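Letters are used for the chains, namely A, B, C, D and E, taken in the order the chains are written, and counting of residues starts over at 1 for each.
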Amino acid sequence: MRIDATGLDHRTLNEQIKTAIAAGETEFDLANVCGTRYIGCGIDQEVDIRIEGIPGNDLAAFMSGPRIHCSGSVQDSVANTMNGGLVVVPGHAGDVLGYSMRGGRVYVRENAGYRIGIHMKSYLNQEPTIIIGGRAKDFAGEYMAGGKLIILGLDTPSGEPLAGRYCGSGMHGGAMYVRGEVPEAHIGKGVSVEEITAEDQEMLRATLKPYCEALGLGVEEIMGAPFQKLRATSTRPHGQLYAY
Amino acid sequence: MPLSLIPAEFNVQRDADLCIECGVCTRQCAHGCQNIDPEDGSVSSDEKLCVGCQRCVTLCPTGALQVVQRAEQGRYHAVWNTGARRAIARQAESGGMLLTGMGADKPFPLYWDRLFLNASQVTNPSIDPLREPMELRTFLGAKPDKIEFDQQGKPLTKLSPQLELEIPVIFSAMSYGSISLSAAMSLARAAAESGTYFNTGEGGLHRSLAQYGSNAIVQVASGRFGVTPAYLENSAAVEIKIGQGAKPGIGGHLPGEKVSADVSATRMIPQGADAISPAPHHDIYSIEDLKQLIYALKEATGYSKPISVKIAAVHNVVPIASGAVRAGADIVAMDGVRGGSGATPTMIRDNVGIPIELALGAVDAQLRKDGIRHRASLVVAGGFRNSADVMKAIALGADAVYIGTAALIGLGCHMCQKCYTGKCTWGIATQDPYLTKRLNPEIGVRRLKNLLRAWGLEMKEMLGGMGMNSIDSLRGNREMLRGIDMTEQELEILGVLPAGR
Amino acid sequence: MHRLPDFKIPAACGTAGILDRTGRRFNSEDVVRAMSVMRERGNGLGAGFVVYGIYPEHAEEYALHIMAMDQAGLDRLREYLPTALEVVHDEEIPTRPTPTIHDEPVLWRFFVRVPEKRLVGVEPRDERDYLVSTIMFINQEVEGAYVASSGKNMGVFKGVGYPEPIAEFYRLEEYLGHLWVSHTRFPTNTGGWWGGAHPFDVLEWSIVHNGELSSYGVNKRYVESNGYPCTLFTDSEVISYMFDLLCRRHKLSIEMACLAMACPEWEDIDREPDLTRKHLLTLMRQTYAGALLNGPFAVIAGYDGGMVGFCDRLKLRPLAAAIKGDRSYLASEEAAIWAVDGEPEESWPIDAGKPVVFTLEEEKVASLAHSC
Amino acid sequence: MSEKLSRSSYDYLIVGNSTAAISAVEAIRRQDQAGNLAVVSGEPYPAYCTPLISYVLAGKIPESRMNYRRADFYQKMRVTTHLGHAVTEVRPEEHEVVLDDGAALGYGKLLLACGGAPIVPDLPGADLGGVFTFTRYADVARVRSWVQEHGVQEHGVQEAVVIGGGMIGVKAAEALQHLELRTTMVELLDRILAQALDERGSVLAQRALETAGVRVLTSRGAASLPGEEGRVNGVRLDTGALLPAQMVIVAIGVLPNTSLAAEAGVAVNRGVLVDDHMRTSLPDVYAAGDVAEGYDMLLGESRPIAIWPSAYLQGEVAGTNMAGGDQPFHGSVAMNSIQVCGLPTISVGLTEPARAEEVLEYNSPDGQNYRRLFLRDNRIIGAVFVGDIDRAGIITGLIREEIDVSEFKQKLIGRELGLLSLPKEYRKHKVMGPGMEV
Amino acid sequence: MKRIYTKEEYCIGCRLCEIYCIFEHSGHQTLVKAFRDEENLPEPAVMVEEEGPISFALQCRHCEDAPCVAACIAGAMTRDPETGVVHHDAEKCVGCWSCVMMCPFGGIHIDLEEGKVVSKCDLCGEEGIPACVLHCPNEALVYE
């Protein structure tokens, strides 16, 4: 189903999509999207949504199932509290990407903004994955409680850090994998930097495979460079704060 | 280990003439204070461990026990009283922030007690609620400005989604995790059976409570625990928690040891890991971000549920509340400085925020002035003790009231303020299976229903006394209030006349 | 003229209204006779009349009846008025010295139009809204002047005293109108204030009221947040604004407006079998919770199309309705109606919460009551 | 027709007056308040508590406590009693029985609950005075009068021998010892109570008897009973040794009283054969109690199980079905609770280690308490409790319900046995029965 | 018949049921006096089993098919055909422990020295609410 988003407000657009899903439609091509918010929000069916243009904030918020393919870049708060599904971004992403994301995957080809992957968490077989092709700004993986946040640093000019300051501060679960190094001064309290194990290596290869397929990259090329792994030193970062 | 300098807080008095050494006290104490000698069966108390929860006192079959707060210890000092010295000793020994539970225990001015309700005498009749219908039914949600009709006289105006309350009292946010499942179950069932609502807090909705979804206000807090499309769907309303009266500006933190298998499943986080709710929502850094989240939730729920925004009453609560209404909130919940909590740093609880009375008076007035009062309902929270407090709040302009502490006391809480230890001997603020059993939800539900019924009866009586038969006529009716012992400014903020005028 | 009180004074009252549905005009004698029967319902501290159809020569202008505390007050008004309105004509309201009537204010009437240019840039572009805000401005800001009535082809005559001397004072027997509504008052405080007497009026809406709204505070804040600052601390003021708000601004029918003000109880709504109506009532109660009048009241509202009488949901105050010939009557006591023209053809005490609307029509009104 | 009028006729006739008969009466009355009902017994007493005869003999309880039911039982149940008249013949064709006085009683349904009779061995001297069996109320009087008659004489009764170390023998020996006779027990097998207890149980029981003063000789048989003047004066053992005794109680077992049934043409094996509704091979004739063969759940075969609870339950099933109900008998499990001179012992089911695949054992540190569980196929098939028997019934329940205990068997053998030892679900659905929510 | 129901999940292990059972059968007017009279302190007919967080009170279930009645060789255990209550006549009891052997709940309390069953729930004389139920602070025992 093709929907021309020109002049459509988000409520109307989403209603059209939801109505069509209820009627059995599984594929959507949204044309001329320019800043429409909440695309895919709250949808819990496995449908395909292709977006031509630039979607607005809260793309894929509270989403649980759809596969969203964007044509270029996206704005802020993408995959907010996302429960499942896929978001593929060939361009860059704004701030607060994947906040409190519990499941599904977000693939960004280029850079991402500030505060990405905050409070990501995993539960049982739900494990959220965010892969950033380029770099991330400050506060990446803050309060991270589960899942995988992978930063590849592709096309990084020399001297540019792969992740900004306070990377992983308050982290108490999950892991960040950085292809290259995060400057020590940028690494948050309670985060340890570890070497990649053979197991990690396998996991990364498997995780990156669909990413590379979706964005036309070579897995082995990416795997060729060394990764480091950032993990929480404790699942109880604030155990010592209080007088009981 | 060096000697602890923290003085005992309580004196456990056991009347030897009455004690039959049955050992009930020793089995009920969760803090290790009451002990039975395995050799001769004699019972004794280690007073340093006593938290004053009164469990042993209540269960003692012969009334042999009394637990009383110790008088000031050592030399009297008006400033450096025992409490202040005890706090310092605790910190000197632990190096940690002082933690506490329940609402602030400092003697803040209670404006409720300085406000008086009106009653009819001669010039208009009071109404007898025993004989005549007395309406407490309240709807929460955005109301239309006016109703428009088509040519045939059919109303064109559509009503926004509403919560329908048979009594304008809601059980406020208490998460499963901070309270036991039995307590949560009691609240949920009592709400359902009394025609009101309970609030999940940010603990998710336990599977056994799913059946009460239509009476659940589900919270979306910064940790987003348990927030899934299904969670949002199975609810009566969704509440974005920005702040809490007991700890404005700071986040929440359920220690890993309380994250049991069941709590983990409900919050959808790993067992044993800390459940941290950061201070801010990292997707809300401004009022337009709030609007973005409000509409994200409206989209996610198909515009079928009211979206509430809960904020702590702080200094600039007026523009915040006004902003929330303009951002599309259907309900604005405000929690005052006396609001409760299962765990909060004492200094924050007792020093940050403002009383709900003043916040309500100011917010309601401003929203009316702005002509947007109908666009959101106001729910207020923070230390509502009785039906008169509720009536006064409604007269000040609230649509409904959240009660937390009152509900917990109804369930059996004895205000020892040790919720954060997870050793609640009343089975309320604990996940210890030995302790949670103590709250039988059958009893809990009955007690809460009784409480609401009793308040409802009183409210109807007061309403009738004021010559009204609908709570609608009290809402914002500040004519029904008079103040005493207040400054002109306080009176002005509350919008009430002094008693005698 | 005493100063305006700054608090609400409870009062009990007697009311009467007489409408000639064919529009035939008559003088004050009938309504005064009706009021005389109900002398016990007042205590001489306030009475008044509203009469519709008295200024056919100025039918297109708004008649502002002004009560000024003194000449200075009137002067201030004279100074202000032309800045806001176009004054077509003005004159003193004729009175005659009457025993027991004293402390009268300066009484003047202005026939005004709203100049087109005034509406430029005003949202919404409605001359009546403009006029309302102008009246509100006068009442609040022009010291010593108060607008007692402001509708077209009608006027309010009121003061401190019993109805008969007030009528005599204002020389009401000289006026002819098709609708007369009167009120006598029993305020509980000692002092009466001319402006505080009934009827209350805003534009063509005039209200006489017997009762005591427990919900006054709510209703006041409701109309205030809709742009009607309440300056007089009387229920009637609030009700008159309510009618203007609901009927003119919200375009509700009179029946709907009354429904908003005296909507059925939830118990009845819950039992309502007609789902469309149930939806309407639910919508009404939720939207107009602030308009719901609670506590005892019996209101006669006059307007350019007739009059409506309605009582609270529990019928705590009396109001009777009657029809005889071309005339329709409303009064606190049925005897007041009999006193005018003997036994009516039909008469009935009106039902709780159900308005009785008598409209001005060419044909005779066939139905008795427009209950909704 | 006229013949039938000349004799008494009952809708329900019960031969026998012990536990099976009484529970049958109660069961019939639960079903049928109207039908007429009679009990006929050769013993002249109202139903009494057979196992208590040793207590009466020992003087531990007065005779007044022998009644199994209250004095008004037969009246309340509207039962006609024909006591003191044994049935000599059953005539199934005529639907009647004949009593020893020649009277005939007609029946609609007949229950044979005539119990068992003690085995009297074919020993020389077994007919001498002072040689008794000990299964009936009358035996108490006989023993007691023998002791009283001869106790004052020079050669009065001072020594007694009990032949047989089974349950009856043990209780008899305990009673005799209580009467301050020097008592010796002779048991053919290598241990006493061999049918009930396992070896260690037997050792503990024997020790208790010995502590009380009873001399116990195992692996010995009686060869003859010498005597003079028609009175027994000793027991000659198969070893040749002579035990002097002025009184001998023979307690080597009980056999079902099948002759009446067999003569009437009822199919009989070791006991009267019955189906699971307690019906015999003849129409309208039922059998229950010690006379019948009951289904042994653990052995998976029918055999006479001469134990009190089984008799009671069979009687109840028979009575229910006679009166038109439909209640099957699920079988029973051998079990005995015997207090041996103050030492409580309970055994349930199969307590021979050879039959078990697994044996769990508990001994208290002080040696006072002993517990053993015998398992096969993850189910308990037998249990022995000595000393601390408080919660033994829980195990009985597990045996009777054939519960798979593989998940929690270790908890059953720990020090504290309780319902807590059982899994929650089982607590809820099986053992707790009505009124338990877990 | 009315029965005492045990709700294991709400039994808090306080053992007040035992205490009030003792008091009820002590013949004393006050709890304190009952416990002071140690010589005549009755055994409770209700017993709390407890292990960690699991606990429940147990008393005679007054079973429909009462195996203790079947087992009793002394006629001391009887089941009232009308009320369904299983009675124990301590006078008749000889301490053979057959009932103990048969009770699948282990709900019969014995005294080896006395040589008899010393307490078995009698539903407090079947009048009113049994003491254990009445005093259960958490309604883990109900009588219905």
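The rule we apply is simple: contacts are C-beta pairs under 8 Å (C-beta built on N, C-alpha and C of every residue); 3 or more make two chains touch, one makes a residue touch a chain.
All figures in this text were calculated on a predicted structure; none of them were measured in a lab.
Engineer: Going by the contact rule set out at the top, which chains touch both chain C and chain E?
Structural biologist: B
Engineer: Looking at mean CA positions, which chain is nearest the middle of everything shown?
Structural biologist: Most central by this criterion: B.
Engineer: By mean C-alpha position, what chain is farthest away from chain C?
Structural biologist: Farthest chain from chain C, going by C-alpha centroids: D.
Engineer: So, comparing C-alpha centroids, which chain is the farthest one from chain A?
Structural biologist: Checked the centroid distances; the maximum from chain A is D.
Engineer: How big is the gap, in whole Å, between where the Cα atoms of chain D centre and where those of chain E centre?
Structural biologist: For chain D versus chain E, the centre distance works out to 28 Å.
Engineer: Please work out the Cα centroid separation of chain A and chain E, and write it as a whole number of Å.
Structural biologist: Comparing mean C-alpha positions, chain E is 64 Å from chain A.
Engineer: Could you give the separation in Å between the centres of chain B and chain D, each centre being the mean of its C-alpha atoms?
Structural biologist: 69
Engineer: Could you please state the distance in Å, as a whole number, between where the Cα atoms of chain C are centred and where those of chain D are centred?
Structural biologist: That pair's centroid distance is 104 Å.
Engineer: Find every residue in chain D that makes contact with two or more other chains and list them.
Structural biologist: none
Engineer: What positions in chain E touch 2 or more of the other chains?
Structural biologist: 7, 9
Engineer: Using the touch rule from the top of the page, what pairs of chains touch, sorted by label?
Structural biologist: According to the stated criterion, the contacting chain pairs are A-B, B-C, B-E, D-E.
Engineer: Hey, which residues of chain D end up touching chain E in the complex?
Structural biologist: Contact set of chain D toward chain E: 23, 26, 29-30, 49-52, 55, 60-61, 65, 67-69, 308-309, 312-313, 316, 335-339, 342, 344, 346, 348, 389-394, 396-397, 400-401, 417-420, 424, 427, 431-438.
Engineer: Which positions of chain B touch chain E when the two form their complex?
Structural biologist: 17-18, 20-24, 27-28, 59, 61-62, 427, 432-434, 437-440, 442-443
Engineer: Please name which positions on chain C make contact with chain B in the complex.
Structural biologist: 7-8, 10-12, 188, 211-218, 220-222, 224-226, 246, 249-253, 256, 265-267, 276, 279-280, 282-290, 292-296, 313-314, 316
Engineer: Note which residues of chain A are touching chain B in the complex, please.
Structural biologist: Touch list, chain A to chain B: 10-11, 14, 18, 37-38, 41-44, 57-58, 61-64, 76-77, 80-81, 83, 96, 99-100, 102, 115, 118-119, 121-124, 126, 139, 142-143, 145-146, 170, 172-173, 235-244.
Engineer: Show me the residue ranges of chain E that touch chain D in the complex, using the header's touch definition.
Structural biologist: Residues 3-9, 49-51, 54, 56, 58, 61, 63-64, 67, 69-71, 73-75, 78, 81, 91-92, 94-106, 108-110, 112, 115 of chain E touch chain D in their complex.
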